[in-house]
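Worksheet: one structure, shown below.
The first chain written gets the first letter, and so on, giving A, B, C and D; residue counts start at 1 in each chain.
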Amino acid sequence: MWKFPKDFLFGYSWSGFQFEMGLEGSEVPNSDWWVWVHDTENIFSGLVSGHLPENGPAYWHLYKQDHDIAEGLGMEAIRGGIEWARLFPKPTFDVKVDIEKDEDGNIVAVDVPERAIEEMEKLADMKALEHYREIYSDWKGRGKVFILNLYHWPLPLWLHDPIAVRRLGPDRAPSGWLDERSVVEFVKFAAFVAYHLNDLVDMWSTMNEPNVVYEQGYTRPNSGFPPGYLSFESSTKAARNMAQAHARAYDVIKEHSKAPVGLIYSFVWHDALNEEAEDIVKEIRKRHYEFVTAVHSGSSGLLGERPDMKGKLDWIGVNYYTRVAYRMNNGSIEVPPGYGYMCERGGFAKSGRPASDFGWEIYPEGLENILRDLHRIYGLPMMITENGIADAADRYRPYYLVSHLKAVHSAMEAGADVRGYLHWSLTDNYEWAQGFRMRFGLVHVDFETKKRYLRPSALAFREIATRKEIPEELSHLADLTPLMRD
Amino acid sequence: MWKFPKDFLFGYSWSGFQFEMGLEGSEVPNSDWWVWVHDTENIFSGLVSGHLPENGPAYWHLYKQDHDIAEGLGMEAIRGGIEWARLFPKPTFDVKVDIEKDEDGNIVAVDVPERAIEEMEKLADMKALEHYREIYSDWKGRGKVFILNLYHWPLPLWLHDPIAVRRLGPDRAPSGWLDERSVVEFVKFAAFVAYHLNDLVDMWSTMNEPNVVYEQGYTRPNSGFPPGYLSFESSTKAARNMAQAHARAYDVIKEHSKAPVGLIYSFVWHDALNEEAEDIVKEIRKRHYEFVTAVHSGSSGLLGERPDMKGKLDWIGVNYYTRVAYRMNNGSIEVPPGYGYMCERGGFAKSGRPASDFGWEIYPEGLENILRDLHRIYGLPMMITENGIADAADRYRPYYLVSHLKAVHSAMEAGADVRGYLHWSLTDNYEWAQGFRMRFGLVHVDFETKKRYLRPSALAFREIATRKEIPEELSHLADLTPLMRD
Amino acid sequence: MWKFPKDFLFGYSWSGFQFEMGLEGSEVPNSDWWVWVHDTENIFSGLVSGHLPENGPAYWHLYKQDHDIAEGLGMEAIRGGIEWARLFPKPTFDVKVDIEKDEDGNIVAVDVPERAIEEMEKLADMKALEHYREIYSDWKGRGKVFILNLYHWPLPLWLHDPIAVRRLGPDRAPSGWLDERSVVEFVKFAAFVAYHLNDLVDMWSTMNEPNVVYEQGYTRPNSGFPPGYLSFESSTKAARNMAQAHARAYDVIKEHSKAPVGLIYSFVWHDALNEEAEDIVKEIRKRHYEFVTAVHSGSSGLLGERPDMKGKLDWIGVNYYTRVAYRMNNGSIEVPPGYGYMCERGGFAKSGRPASDFGWEIYPEGLENILRDLHRIYGLPMMITENGIADAADRYRPYYLVSHLKAVHSAMEAGADVRGYLHWSLTDNYEWAQGFRMRFGLVHVDFETKKRYLRPSALAFREIATRKEIPEELSHLADLTPLMRD
Amino acid sequence: MWKFPKDFLFGYSWSGFQFEMGLEGSEVPNSDWWVWVHDTENIFSGLVSGHLPENGPAYWHLYKQDHDIAEGLGMEAIRGGIEWARLFPKPTFDVKVDIEKDEDGNIVAVDVPERAIEEMEKLADMKALEHYREIYSDWKGRGKVFILNLYHWPLPLWLHDPIAVRRLGPDRAPSGWLDERSVVEFVKFAAFVAYHLNDLVDMWSTMNEPNVVYEQGYTRPNSGFPPGYLSFESSTKAARNMAQAHARAYDVIKEHSKAPVGLIYSFVWHDALNEEAEDIVKEIRKRHYEFVTAVHSGSSGLLGERPDMKGKLDWIGVNYYTRVAYRMNNGSIEVPPGYGYMCERGGFAKSGRPASDFGWEIYPEGLENILRDLHRIYGLPMMITENGIADAADRYRPYYLVSHLKAVHSAMEAGADVRGYLHWSLTDNYEWAQGFRMRFGLVHVDFETKKRYLRPSALAFREIATRKEIPEELSHLADLTPLMRD
């Protein structure tokens, strides 16, 4: 019915912090996220769940089993991660590298010579590096595709201490992406990984959803994301540093690898609920894409003219969950509750569509719209690097899966160059401030026993992935009508 | 995990009125149910849906396709039907048979000689008979098991005209099972079918859910079942006639067939919500089983001592959907809303369990309890002949399926002799007074195009049926916790 | 703010069956409604509540107390009832009267001479008559207005036995308004009451909501109204007899009384949800008024040309609760759930307005529309004879009260000649098939102790009734916005 | 029925920030709360409503009208406020006063001589002082009781700048109650007010709900209260300073006034949902009362042994809204959602009780329990100084009012010395971070026009206050059953 190309990749994505821990010996206690979710004040105030990542799905130990399941479901590609804080429990500040700045003080080049990498080896946990190699090799050894993403949110504590920031202010404690030094240290880390693991990587991504980090962290104190205070100025500063970090990491990876280097971004479909809102929403969309534009064209609202950042993007990783809906109301723009991310948990959006356990509206149209937009603006190869639903009971996931795959298919028919679909995720995992409440797996995990169980949607995934099509007999799942409340 | 015996039969059930019609040439307009659901007054008053059976899934024409799907899902057995009104559009009253009565006027024997069957052939639609033969043969030709149930609710209009009954009273219009003649005509019909189709039938059932017919029809005017008036006396009279009809049909089938002859009954788990209710509920359960007891032991509250009816049951067909829950409240027994059949449609039972689109609580414990009861009381072989859920969006069906199969498994471990599990049903169909609103299929039917689509639960069914077990990796679906509202 | 004329009457309405019983000695066991709500089959099937009218508010004994409360709340008028079956436990068939019929067999005149009334006295329960006189006199003695309505649903069992009708069909049991004799007996009853109680009555009404009797009784088997079977033909027949009964009762009352004689009707606002539905809905409205038209102009769709029925209406009693909403959907008209009478109990209508405990949408616009319609068509004086809400917790009643009074005020400003507003009702009472579940009182009744308690809305009623206006400081209650769900 | 003593005071409470503003000339822009609710980042992030206090009910201008209404409703007492930042737009640091400290650095005495008060007059807005005198005099002139509370949350910006705190950390910006100087400045302010307004005040309160200030401000970043960051240590520090500020303010007020000086506290009923939780909950309750204990006995867990703080409490102001419910779950204590403050807005608590527009369970038992506890522990006179419900539609307020008054009555019968009941509040007002969404008034305010309208509960209040009893005919409102969901 809706056929995908033979080389279209089905698979899933995972990240270090959310998946690795669960059995003894897998903990990484020296990251900002670790201290954040263990902080008593955060837990008592309800900012974070009180669930702990060390009780997670234990991929660090059970990766073979998960790869077996993935293979059994017809998966051919994995996007995985690597924990910076695991590899570098100690600061790398003292490893010298050459930094070139322009007259405005921007970092336009960082050179990480082999000598620096050697110095880093002394600071690194080389056994951890070896274990990552084993994990990736197990997957590659099955003849599969592996995509490595370098940064998926936790920063080493020596770069970011959000509890100290809260007590002393951001200028008297390690302030993470507000500190320009994070750019340089990230480039070193990227060079180190590229140097050591290059042989196993088919595609690189520098970072996952930088926009979530600088938005939730500095403009949404309710989100439970570190450092959790309000400052639009800080948010912009972090964004700028992350964009530079991407560009310079791109440069150093390219020195060691011929594989394409991309960026994974959290794309949200900004939607207008009434006509009056459309002009403003167009503007909002443009701003939403500015981080990507900055590293693609080197000219953006975020960073101005930066010829040194032009062309630093070989592919785009598209993470998509739902929309944000705007409405003009008496001349002012508003984001009314009941749409997108702002629905009742397990209830219904005002559009009649069901909302996930997380309260997120199921809105596949948004994914198609974004892929069309991105294709029009950037014309780059794309990969769906996250798409999924918190749905412990699997009530909606089969529909979510098929309707979003159909959206991908439609965008491809319209020309979008989408190379694969990586579901978020194979198994349940640790959902940041929400802990284990939100279950995004095709596979249910019993966190007590670490046992894995297939949800029915996993069977549907298998049908689709093994046949590289949405078969006729499952195509009705693209239609959300039976789920909707009128 | 939970293994079933190698010869345990997975399959599905269908009935004539609900499945056959849908494409031109399949209509059977001369039955009580046909006129009932077409009656303008019934439709305008909302008693029936206004949906029409002639727009159904069209099994009469598309049986090969459905058999293909069933086979693909690992099914080995079908319980099918045959429409009395289709076979005999004209009365068979005039065909003479010998009837023997006891001193109380009970029908203790009916003899249908071959001569009578020959006379009936002249009244029958022999082309329809031939088409049934083709349908059954297609399935049997695949090396499968076929179970034929003779009566699944519609009566020929010449035996029952519910609209006329409403206007004139039951004693001045054809009154169906209130009329003793229905017993005799049913026996003729049974003999005729057994004579002609015996070679294709592995197991016989005389009738499906007689209790629903005499309960809904005469004690639940809101149910939308004909004739739809209130009379507990009539209900009992109909019950008695149906029990006699079963026993005498058993006799005549046995003359033509060595296959076991059983009865399919709608078993409800009568449940006590508080301890004070338990004694009464035990009594209610006993009464619930009395129809079965009547034809098994020949001694029952329903019919008294009837040695002629003893041993007329080789197997029991168990249809199960949910429970009925009782509570003692200030000394009087009540059936509080919010449990069993009396939940909000698509909402939640007061027990926290979800309710189906029909408002029926998911209550697998009831099935296990019933199988244990039946085993203890009758010790007969049993077959699950209906079990399923109205769930258009397939939100709960995977759980319904697995949790009820687990209940079957538990009962078997405790000794119950269950031979198979026939799901209700393979495809969506015409749900009596509810029309097409209630969708019971593993397979979604687009009633416009008659196209079939697999629901995710069909994939789960396939895993289980082909492996003859609830595999470990699906066993979590037996646990309803993720569905429940606390 | 919204002032009412000085002679505008505030008050309440009551009926015999729903209010009188409650303490020993007040039972009237020989009516159709009495046997109907006591019938075991009706109760067990859930058609009726199982609550019993003999446990009611006991107005028969406690009328003085209720009159005190009414007076304390500023009420000046009561519309009361008189139970036919109480007055005439035995048939009055044998009392001869002169009946004149036209060539079509229509009853065009009934003469009830004084001699007949004397004969009736021998059949009547004259002590009951005396007690009614005491009740009415207590109210009149306070200098108040009394309106007497003769028929409010229960028929003497000798005229209507709905259980027998169910068993034998309507032509072999006393069939109530299907039997032309009911017309004549009703006229006798009317003449008898007018003769005896004329001195206490300021305004007469022949019957309350005849349309509910012939619609619910014969076209809504789910309503729990006797006789509860489906026959549109019977419905029309009953309607015709009731219209004739009204006209002939009008004639005989006029012989004894100079007070105006009217009819109380259940007016529903038939509403079009989309433009396509408007033409049909206009037609429906016209039909809805036909009963009234029949006795006003003598020319109607219901009864054709009947000059003998022209001008038999001095005033119109308007009972209003909510709307019925229609929608055209793919060329067919439908009454979608979620509006008017078809909302979830205690939930919200799809319009966002709250629904009562009964599931009835709060829709005051409908009352204004109806009053305007009636004024335009008939130009007669009107009285709101019922308006109220089942709302045990009094969550919505203050709004219901004020918004509907404002609707009355608006209609009056547009010319409608409305003489008063009688709330349904002062106290909680027996709501027919629903029993005591539905609480319509400004005053809460503890049915155990028969004690009365004021709901907050009673205090608002007092403010309005004593000041003959909706005072500025309560006027915000006319705006339902704070109640609505968006 | 439930009678209150003749001298029991009915009335209401108001505070400056929430009520005064609304018409031109009433703004107080130099307080922490003013900048907090106007801060763009706070508004965009959703921490505060975006509603602005300058659009409030305008009591500063309309006090006469509100006093008229209050008098009309039978009120005899008002608890009012005075805005520190309005009186002292400029710092008072430079006004010298004598401070005595003990060896631990605690402030054990502050002397504010008349000379200091004269100096303060030069810094004060003496016209504002005069206007407060007019407001209070208008009420006193009616022969009523006036209670003045000095501090109701906003601090002058020169003492607390929460936005600067966020940017720079609490040690580099005016940090409010974390700064010991706040203690001293508050004492000056108290002395100044007592000196000038003493003649109008019948009872004093130093501060309103200090516990809400130090809990929400430092341990609930989601609450939208300044400064909105997490630090249990800061919370304790603020608590200690506030307790000292109370004690020293007590001292200086006593120099100018013979009226009793008390403290208004936010009392929450800490409730155990299961038996296992009871021991811990007792401990929690003890801690909850420690602030009060500190200023009553001078010996407390909060401040240790402080003889200088003993006996600094003449009466206790009890603010009560709902409970907090605890449950032991697998050995750890939890506060499950669905009880107390943690219910769905406008929904139902898990106990079946309705929740207010704010999501607060209606739980009158808690008030009785607290009054009994306080009586047992302190034996002081008490006044209910806040009790009310956010209920725009007045669906529950009549029940809330009567059930809580009954709780007060029961506690009094058990010995508690409660002197009056001040409802929160007469009119709708500005509910802090929630803005105008939460409507707590007996009187609805149209914030556009500033018009006042009575809610039905105001009529019930009038009945009770004028009769000094819950009259029999309203006593059923103490029973929440009709509101509850089963």
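Everything that follows uses one rule, which is that a contact is a pair of C-beta atoms (placed from the backbone, for glycine too) under 8 Å apart; a residue touches a chain by one contact, two chains touch by 3 or more.
Chain-to-protein mapping (UniProt): A, B, C, D = Beta-galactosidase.
Because the structure is a prediction, the values reported are computed rather than measured.
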{"item": "Shared interface partners, meaning chains that touch chain A (Beta-galactosidase) and chain D (Beta-galactosidase)", "value": "none"}
{"item": "Per Cα centroids, the chain farthest from chain D (Beta-galactosidase)", "value": "B"}
{"item": "Same or different contact residues where chain D (Beta-galactosidase) meets its copy chain C (Beta-galactosidase), judged by the half mark", "value": "same"}
{"item": "Whole-Å gap separating chain B (Beta-galactosidase) and chain C (Beta-galactosidase), where each centre is the average of the chain's CA atoms", "value": "45"}
{"item": "Where chain C (Beta-galactosidase) and chain D (Beta-galactosidase) are represented by their mean Cα positions, the distance between them in whole Å", "value": "52"}
{"item": "Rounded Å distance between chain B (Beta-galactosidase) and chain D (Beta-galactosidase), as computed from the means of their C-alpha atoms", "value": "67"}
{"item": "Set of chain B (Beta-galactosidase) residues in contact with two or more other chains", "value": "none"}
{"item": "Chain B (Beta-galactosidase)-touching residues of chain C (Beta-galactosidase), taken from the complex the two chains share", "value": "40-42, 44-47, 166-169, 171-172, 219-222, 228-232"}
{"item": "Residues of chain D (Beta-galactosidase) defined as touching chain C (Beta-galactosidase) within the complex", "value": "392-396, 398-399, 444, 446, 452-454, 456-457, 459-460, 463, 472-477, 482-483"}
